[in-house]
Amino acid sequence: MPPYQLKAQIIRAETLAPDLYRLTFLAPDLAAEAKPGQFVMLRVGEGADPLLRRPFSIHQVTASGWVQVLIKVVGKGTRLLATLALGQTVDVVGPLGNRFSLHTSHHICLVGGGVGIAPLYFLARELQRSNPPAAVVPLLGARTAAELRPLADDFVALGLTPRLATDDGTLGHHGLVIAHLSELMATPAPWIVYCCGPYPMMRAVAKICREQGWACQVSLETMMACGLAACLGCAVPAADLAGPYKHVCKDGPVFGAEEVAWL
Amino acid sequence: MPPYQLKAQIIRAETLAPDLYRLTFLAPDLAAEAKPGQFVMLRVGEGADPLLRRPFSIHQVTASGWVQVLIKVVGKGTRLLATLALGQTVDVVGPLGNRFSLHTSHHICLVGGGVGIAPLYFLARELQRSNPPAAVVPLLGARTAAELRPLADDFVALGLTPRLATDDGTLGHHGLVIAHLSELMATPAPWIVYCCGPYPMMRAVAKICREQGWACQVSLETMMACGLAACLGCAVPAADLAGPYKHVCKDGPVFGAEEVAWL
Amino acid sequence: MALNDLDLTCRIGSAVLQNPVLTASGTFGYGQEYESFVNLHRLGAVVVKGISLAPRRGNPPPRVVETACGMLNAIGLENVGVERFLAEKLPYLRGMRATVIVNILGDSVEEYAALAGRLDEVAGLAAIEVNISCPNVKKGGVAFGTDPEMAAAVTQAVKGATRLPVIVKLSPNVTDVALMARAVEDAGADAVSLINTLLGMAIDSRTRRPRLANVVGGLSGPAIKPIALRMVWQVAKAVKIPVIGIGGIATAEDALEFLIAGASAIEVGTANFVNPRACEEILAGIGAYLEANKMTSLRELVGSLAI
Amino acid sequence: MALNDLDLTCRIGSAVLQNPVLTASGTFGYGQEYESFVNLHRLGAVVVKGISLAPRRGNPPPRVVETACGMLNAIGLENVGVERFLAEKLPYLRGMRATVIVNILGDSVEEYAALAGRLDEVAGLAAIEVNISCPNVKKGGVAFGTDPEMAAAVTQAVKGATRLPVIVKLSPNVTDVALMARAVEDAGADAVSLINTLLGMAIDSRTRRPRLANVVGGLSGPAIKPIALRMVWQVAKAVKIPVIGIGGIATAEDALEFLIAGASAIEVGTANFVNPRACEEILAGIGAYLEANKMTSLRELVGSLAI
């Protein structure tokens, strides 16, 4: 019964860009259950420092039982994970959390920033696999071309045409990926927007969608101690600020943009 | 000015036997100063767990600035050190502590048990290098042949003829290496005995030497937090039980057998 | 060689637990969260997340932050309240045949008593654990658990309101934990459990803001084990009632230290987050140790420290 | 771009330290032990190993044991005694132009006063740090540092015996550390430093014996940092005198947290064992932070926590 816990064999360990890594491990049961939007908790190192597992979106799974995550190095845990090599194992718990809910009848826009692109690729794969919707438009942003290109190429390989943006202008639009969103406004509604990336980006996307009357789903990040709905550490304020908190690991990580407070 | 602290490049990483490793790293200043009996403190891992450095006897140094230690895996720190590989670095502080004092005019016996052989090999090398004494007799013991043979071979390469013993009888005398000591009693005194190994072995050797009137130097082990004479954690009772404690990292690790209490 | 039958039972007041491995409140949800990893009915008991009379929303985020070999939490006692616990959470645990201990918390002596009274009406609970590390609202927010008289008052009130065995969970943020333990023992506690978290803090030097919205939080995990073990040892010497050891227990080795120091049972907390199978592994390890040391009963181990 | 001149000085009573990075007593020997690693005259001060009137041999071994992200020590205050310190250790520190703070300890109020009086006769000391985490032999061994009245009595006696600035080093093993701080402030302390070690314990489950011959010992290292930081924050709010932060500081990042929480200076302890250059690295890191944050004086940073 999911979630599963296992020491998974590392099948592939890739450096995509400085500080951006892709880790593939063998976890057939987990792969079979995983849905776009869900995440895994990876144990870091052997000792008690760092202590807690770290959450990572599932980037893709294969029928052969491979599971892939994208890892952006931001601290000591991600740095240690980046050193994992072929043949080593990684202790993984998952799949965890809810999933993006699919609306294949809509025109679909995927807005991803940085490693926030990770779960959107899984979603795009799923969308393209069964009866593909009329339009799937990925809008992908990152700091620089080196980080964005390898991720964007995977969307191209799915037959999609991502619109790109980089902070430094080395690939696509020079600036925020949100710029591309306004182009959609000229096209026929209804769009549904799936979004994952830095908080300010998601807040801006949520605002535009609200104004346009488009449905919007976001994948949130918080500090997590357990990922299992046990610690209640992953609270985020709900749209009803006086009501109970939402919990990212259980109620999320995917939320309707209107469910949560944008502070 | 010694002691030095540096991140030393690993030059060689050898597995001698299950749980017995030999690590060679580049530390020219340290190598130039090191004397037989001294030790180094190695940092273990990157995080704060394990926290403290671990002490290891200097096994040998070369004119080219290489320093070698023997590592017996007994816990999490030694297990981590055993995974170090060529091209990685190890954070080392040393050389630390005092040295065996040489008496080349005597007949010399080296009694080593297990990784306690480590500093005795350095001593044997030094003895053989300059004007060698009349007799240098290594008595070496270990649990089993697999552990003892690679260490004993190095003494043979120095032109010495070690007498061996193993707990399981797979090499040399079946039993304690001390058995060989009684053979010396038949030969002309004065012998001076340099001893390093498990505490019960050193106590037994100290007793025999006292009875025979032979000089005896032992290299002691204790828990150490600093190795720098700062924490005072490495106390051992002196022969004068009412007097101040001896400190292994500063007053030792080498002591005259008569200086310390054998409890 | 014939295997011995191990007697792992331990007694807490009138309750007999099948083994000494319990979950620590707030680190195991209401049990169901761990159903994929642990056979709930095999545990000594599931101690559920602290329950109050009314539901509580808890503190604003961020609520948790990692520290060296530990973590700080300022969940703020978020919980579903006693009625929803009984209606929505307890039936599942009963269905799984889990031994259930309910951890309770309140703002006032009266609230603790009311909770205990409510739980007394419920069938199938093994015991009540009273979290006294909560601020006493009537006494200006001083924690019940830092004042022997307030702790005794809570204990007495809870005992008066229920026939269930009462475990009082002690705070480590005190000068003399043995004094606190004796105070609640004298007030009628059937057992004490300790330690709750140590008050701690972390600051983000980049923003110069606290890392927890609540500024301070409770430190748990391996970092605190030495302090917890010392307190358990002190308390076990000071009281006659059973002591349940808590604090940084992650392996069977850790659990054994507490049992040897005098704990009759132990609770596993933060370790559940890191290794969701921790409780089962610890239970297996304790059995293996007894067997290897030719002991046939847990009682031979408890308090066996040789000084 | 022009580099700013940074004012890193901090004031402890009448003493002005050139920067806020001090060594914690008992973790840096008498200074000379670190001469290969640290330029002693560059430190804010060298706080030497605790000194008593007569030499002490300390506790039997084992005296130290590692714990998760920390260590326990039960050195038992081994030291050479004040006369040998003055004759054999202090001249070296003077020769190195190190700023010296002498940490003192005693069995009785009288012993503390006698030590302070003896040090008052000595030229060139910057301050006295009074370790009150010692048992009061006349009061049945209760630590001076856990009772506000006893702590105040020691402070008063020391102040009466010396013109040197007096830093009182607080014990964390108390319910209310702010209360202790106020008690010694009222008794005349020029500054407080905290925390000393937390009482802890470890057991070898194989032998079922304590890992320290003294059974209990003091916990130090990164594990205790969250507790230390919380206490420093509480004390800095409660007193007007300078606060020196201690506990688990291993990096500049750690030191900054304490300064932001309100510490005017910090002491580096266990980290010296792990990284003998820790003090120098921390000092460099504090300077870099001030520069990066366009601050020109340490005082802009101290207590800058935004809540």
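Letters A, B, C and D mark the chains as written, and numbering starts fresh at 1 in each.
The working rule: contacts are C-beta pairs under 8 Å (C-beta built on N, C-alpha and C of every residue); 3 or more make two chains touch, one makes a residue touch a chain.
The structure displayed is predicted, hence computed values, not measured ones.
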If I average the CA coordinates per chain, which chain comes out farthest from subunit B?
A
Separation of subunit A from subunit C, taking each centre as the mean of its C-alpha atoms, in whole Å
36
Hey, how far is the Cα centre of subunit A from the one of subunit D, in Å?
47
By the touch definition above, subunit D meets two or more other chains at residues 68-70, 221-223
On subunit A, where are the residues touching two or more other chains?
48-50
In graph terms, with chains as vertices and touches as edges, which category applies: line, ring, star, complete, or other?
complete
If you look only at subunit D, which of its residues touch subunit C in the complex?
67-70, 72, 146, 173-176, 198-203, 205, 207-210, 215-216, 219, 221-227, 229-230, 233, 248, 253, 256-257, 260-261, 289, 304-307
Any idea which subunit B residues touch subunit A in the complex?
45-50, 76, 80
Counting only contacts in the complex, subunit C reaches subunit B at residues 68-69, 222
Seen from subunit C, its contact residues with subunit A in the complex are 26-29, 33-37, 49, 55, 57-58, 60-66, 68-71, 73, 75, 78, 221-223, 250, 270, 272-274, 276-277
Considering only the defined contacts, which subunit A positions touch subunit D in the complex?
48-49
